[in-house]
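Both complexes shown next keep chain A, but they swap its partner, so chain B is in the first and chain C is in the second.
Our next item is the complex of A and B:
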């Protein structure tokens, strides 16, 4: 009758030696070589500590209904026309003030509670002798992110476009993109830039200067920009027709980079460390078994058996 | 002869390097024109297409010896003696094979005169990934191109990736557009006339009008475009005359003989100061140039064209009506803006346009009206776009000169407009305040707004009353000058989540006024008067709902614990 191996179990064997023996020293060395090199390997192969990570989120953007418009006119008329939603700015303009008709609509296409795009239309009435050659337009937005850090920011879309031929309409269709100079933090409230882009309460001309507005805005680490590579100028304005700015500004899903928190960093480091450690553990287990089995270091081998008297015999 | 040798050598060296540099690509390319011998595929590798002993890539001038080309059959031994090196030293077959025939050309400079050495060897490829046996022989060479014939011509034409020009696009537009199958118009099909198609001017790449745009069946359009004209020649410009729009005859169905004449229904004359008068007759008028002193005017110029076509459900055009706005044009309004409109009406129907059914549609005007006395229904003006209006910014910008230019409040669009009020010391406050107030409210500001786009005028109780608020700053006793009118429309989503309908729940009109600024005499001040409309969505956000959590419905038999219970 043929015999088959139906069951097996390993037999544990202990090796005994003094604490100051060679064997103890070897074990200490082996332990050090097992646990420290994986750390070095993981660290030297880069990316051990996760310093920057990214996630996707569609921001909650609302148009704040603040507009600052400068329309640059052709040489036959004097300079430019301007208008804004700020009373002080309008007061400063004097005769250059020209009140347009503005109509805007924010649309939530997928009904998820976050607006997806802004339809902005501005009709600037012009005299038949006035010709618009260039446009500078600032629209302000409130911009919020929620998923990691709560970012609350007031940002702007700056549109500047000009053309050598007098236009009748400017068509812009672009994205409001987030620009980060540094990663966001992973939690908490970030309201550093929850300050208005244009100080609408100020009576001073300095606060409405475009260079000053843009300079102050660019100081920020997190900004939004209007990304439209090709604004379209339509020429051929009728004498009594207004100049029309037709803008569609979309609020796309953004990839936001952030600084991971402590536990996220530790988690990723742990994953890397342990996966290398497993190999070292296996290798040094083999080495230790070899060393003790072949008595490279002197120890007293003991086979652990359930019988207590044998143990006692060796203990003595 | 020996004196000339060094010169050839230096030149030859350069060409050798060049030839060697490009040598790597050589073995895989077959010289064009060499027919591929199909041959019996007997061996482990395909039989070579070309004989390496004969192949010579540097033989570029026929019947003449190429310098340093050792394989050129035109070169004699005398020519070889002046060569400095072989530009193509090795000619091999496919180098991917483990062994292939190779011809090595070299020059024996030790002999006097130098001789060409020709060696035919079997070259062994040392690479371990060389091809020993090929079981797919066509993979190693280019396949023969498809020869165009009547079967595959069309498919070959489609794959062509150059500029394509087809004859059809240059001949008349109509030949391309005819639809042979249907004897009826379908949606979007150009409307045909006896000679070509109904022209509907439209702007293209700029705001200037393009006349050759066809009007499409059942596509309602309204277009504004600009004409750059020379006023002196206004009599000759076709696009300014009525006849240009009223003369075509629309075909009843495509490609038929039956024609539907365009009948002029009304002509409205716009004078130079923009007052409108309706003409009794509908005779065709021609633009005429009138010289009035220094400046010239052109009368009876087409400013607005409105087509209204009646169709049957069988896709036939049965009636074509046309109404014009003709105007007097001076050089001030050149370039000229023209307005074109076309809309289609089904036969035997009287359409009542709605602003939504039931909820308001974004971009359509708010329905509003008055209640003349308690208990009666709502009275609305017939013009949908004139029921609730706000001030429109104009070129003049002067509030006191501004008259009657209004813009409708469209659902969903927040708007802002305004004008400038120039105050001098001479103007009495009461008068200015009165004037500004009437300007802000406009003629006949309504009392009620329809909650839905399709609200009926007789359902009085449904209508939303407008709350009028007067907000004033500063002292009460002084004369108040209104500065702004803010209309706030609160609306909510109504009905199912999938198809929410907009319903207006509250409308407030807030007139903000401040005390009249005490202007010093002679000191002019400019005040901005503005109107704003805001739409506020007050609907509670839709929240994610969950069904009832699952319950475990596993019961033990009632006598399971019988001895204990």
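Our next item is the complex of A and C:
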């Protein structure tokens, strides 16, 4: 009758030696070679520590109802018209001030509680002799991110467009994109830029200089820009019709880069380390078995009889 | 059976009163000033008694069985402040002992001792707005460490946290310190502070174990009232006011950035550039904010601004009003200011006067304006003249004690963007800087103006020389060299931004000139018309600069040497098939290059250092210092201390796992 191997179990054999013997030294060396090289291998093969990461979020954007408008007139009446929601600015303008009709509407398309787009319409009344050749418009927004770090900032959309032919309407349809010069942190509140883009309480002309506004804005590490590749300049204005700026500004989902936190970084490093460590453990286990079986280092081999919890008895 | 209640009074105000009780029939009250030694109260005796002294008066108001005795200081408290020349004295102004005696039939029966100690009233002698305490930025300093400290440099009475109060002054009002938010020390120990546990009642039972060990200055109120430089707009709706009132800041003197006000509570305005280059006619002027702007106006739309002469500037000192002193000058070259000057026929209309340049110089002193000088360049034009006029407005704020001294370019080192100081020791003309061309119009050398060379800015500029076909080459070379030499008229350049013009040993460096070749020496016998060789057409100025140290942490830069060098080109008349007798253009140019030299020459890198980047994290992504990246200072995502704490936690788990794992159980077995 043929015999089959139905069951097997390893027999544990222990090797005894002094704590200061060659065998102990060998074991110490083997342990060091098992655990340290996987770290070096994982680190030197790049990407061990996760230094940057990114996530997706749709920002919570609200139009702040602050508008600054400059309309360049031409060609006969070389001048400009200006208006803003800042009283100190309007006071500066004198007879260049022209109050437009502004209507705005923010829309939540997918009913997720976050506004998705802004409909902005501005009708600037003009005399029949005035013709608009260019427009500069600043709208300010409050911009919030919540998922990782809570970012609260006030940002702007700067719209500038001109055309050699007098226009009747400017149509803009673009995205309000986030621009990062540095990654956000992974937690906490970031209110560094929760300050107004335009200092609307200042009475000085300097504070409404567009170069100054833009320069101060670009000093920020996190900004928003109005990304509109195709502003459309419509011509053919009726004699007494106003100049219309029709803007649709969308608030898209942004990919935001951030600096990972401690645990996230350690977790990814651990995964890499252990997967390399497994190979080293296996290899050094083989080496140790070989060394002790063949008595490369002198030890006294003892076959352990299953005596159960001897250790526990001793301890108790 | 007569008695004063109270029998002893410490007097610190102008009047005190006490009650005389008992049998008050026929009682006379008298007052005496005691000449006593300091510190010892005399035994009350009935000495020379009189009802009135020259400083004190006693009034007695009879009541039911009670006489109300009031002792009053007659001279008033102004006496205290008037005899003090300095603003505030800590020693008492009046220090006397008074004895009030009540006598019944010329026998003394009751005494009242009054110790007078009256201090000069600081709130009377000071105008509170003069020395307002500077409140530091609330972001970095605890909110109001001592909010009752209203006067800088003087002790505020009853303000116990005022550092300016000396200890014996504080003892006077220690018992009646201001409390609460608007007085006293409103930096109370917060609940979680360890040191607060011993004093506050009702502390939780865990208190000694979990409390915050922190200095008291590190308070949760830190920056509580700070809302940022420009506070964010909260509500989301349109808010428009077409006009607002001018806010008046001038009542307490101007601070930097405050608008300058006229007496009529309006802004003092000068046209300024704003928006996209447009001029705002009614732009207010900020205190200590210089500008130099050019405004372009159409003459048809031009309206004379009124009221420069009549404007009265509000000021706190000097009686409150400063009137500008205006000097008028006639503008010389009208073409510079007005383009398209097609003068219409003079049809007898009166000419109009326009201001083409207005220079305002404000002399300031502390937070007041002491003087305003205005210089206006006027031009007289025809009433119907059309065209575009350029107006220039310059506002400069100068300190009241600044004279006509030369403006420094830095102290001591040069500042970036300030002119390089230069000096010509041969000629006594006013050469103070090096120049380059600022070409204008067609770019011809004849019309080019000069622009100073600014420290730290590399510049290239040039202009065009008109050269005819029959030009003499020697003359052309001389002409070019002369043009280029006119840029560098100086012989010496200042090493530092504050080198003294009068003292040549005070850091003046001679300019190293590499001269152009001799203009007469022609390499070829230039018989050929329309061709010249080796014309010095480019001047390169190289300035060596270096860091010379630091003053208060700001690096100071100095000039180490200046070299000018010519380089030559060959010129040939360019013409097509037919060479007309038209002038050809020869471009000549000059360039400035600033070369920064390290203060100490770096050691040249060996090839090993270049190739070995194991420890250089800028050139190697997997450098060894970043092996334990989250625990190094390279990782900025979390606080370093937090990372260390989390790392130790991780280490704890690993040690625990190791301790419970194989080798230890095995050693354990080995013992058995």
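Some points to look at:
Operating definition for what follows: the second predicted complex is superposed on the first by the 306 of 316 C-alpha atoms of A that agree within 3 Å, B and C clash if a C-alpha of one lies under 4 Å from a C-alpha of the other, contacts with A are read in each partner's own complex, and residues count from 1 in each chain.
Definition applied: contacts are C-beta pairs under 8 Å (C-beta built on N, C-alpha and C of every residue); 3 or more make two chains touch, one makes a residue touch a chain.
Everything quoted here is computed from the prediction, not taken from an experiment.
Applying the stated contact rule after C-alpha superposition, one finds that A:85 touches each of chain B and chain C. A simple residue count on chain A separates chain B from chain C, and the partner touching more is C.
Touch criterion met: A:235 reaches chain B, while chain C stays clear of it.
Looking at the shared chain after the overlay, A:113 reaches chain B, while chain C stays out of its contact range.
Contact with chain B, but none with chain C, is seen for A:100 once the two complexes are overlaid on the shared chain. Contact with both chain B and chain C is seen for A:65 once the two complexes are overlaid on the shared chain. Judged by the touch definition given at the top, the superposed model places A:123 against chain B, while chain C stays out of reach. Shared-chain residue A:46: touches chain C; no touch with chain B. On chain A, the surface touched by chain B in one complex and the surface touched by chain C in the other have residues 65, 85, 87, 90-91, 94, 97, 99, 102 in common.
Contacts from chain A toward chain B in the complex involve residues 65, 85, 87, 90-91, 94, 97-105, 107, 111, 113, 119, 123, 125-128, 168-169, 234-242. Within the complex formed with chain A, the residues of chain B that make contact are 203, 205-208, 224-228, 332-337, 362, 392-395, 397, 407, 410, 412-420, 497, 500, 526, 528, 530, 534, 541-542. Contact residues of chain C toward chain A in the complex are 228-233, 236-244, 246-247, 259, 267, 272-276, 278, 280-284, 286, 289, 291, 298, 301, 621-622, 626-627, 629-630, 635-638, 642-643, 646, 650, 665-666, 668-672. Chain contact summary for the complex, chain A toward chain C: residues 14, 16, 39, 43-44, 46, 48-49, 51, 62-66, 70, 72, 78-80, 82, 85, 87-88, 90-94, 96-97, 99, 102, 136, 140, 142, 154, 185-186, 194-196, 199, 201, 203-206, 208-210, 259-263, 265-266, 310-311, 313-315.
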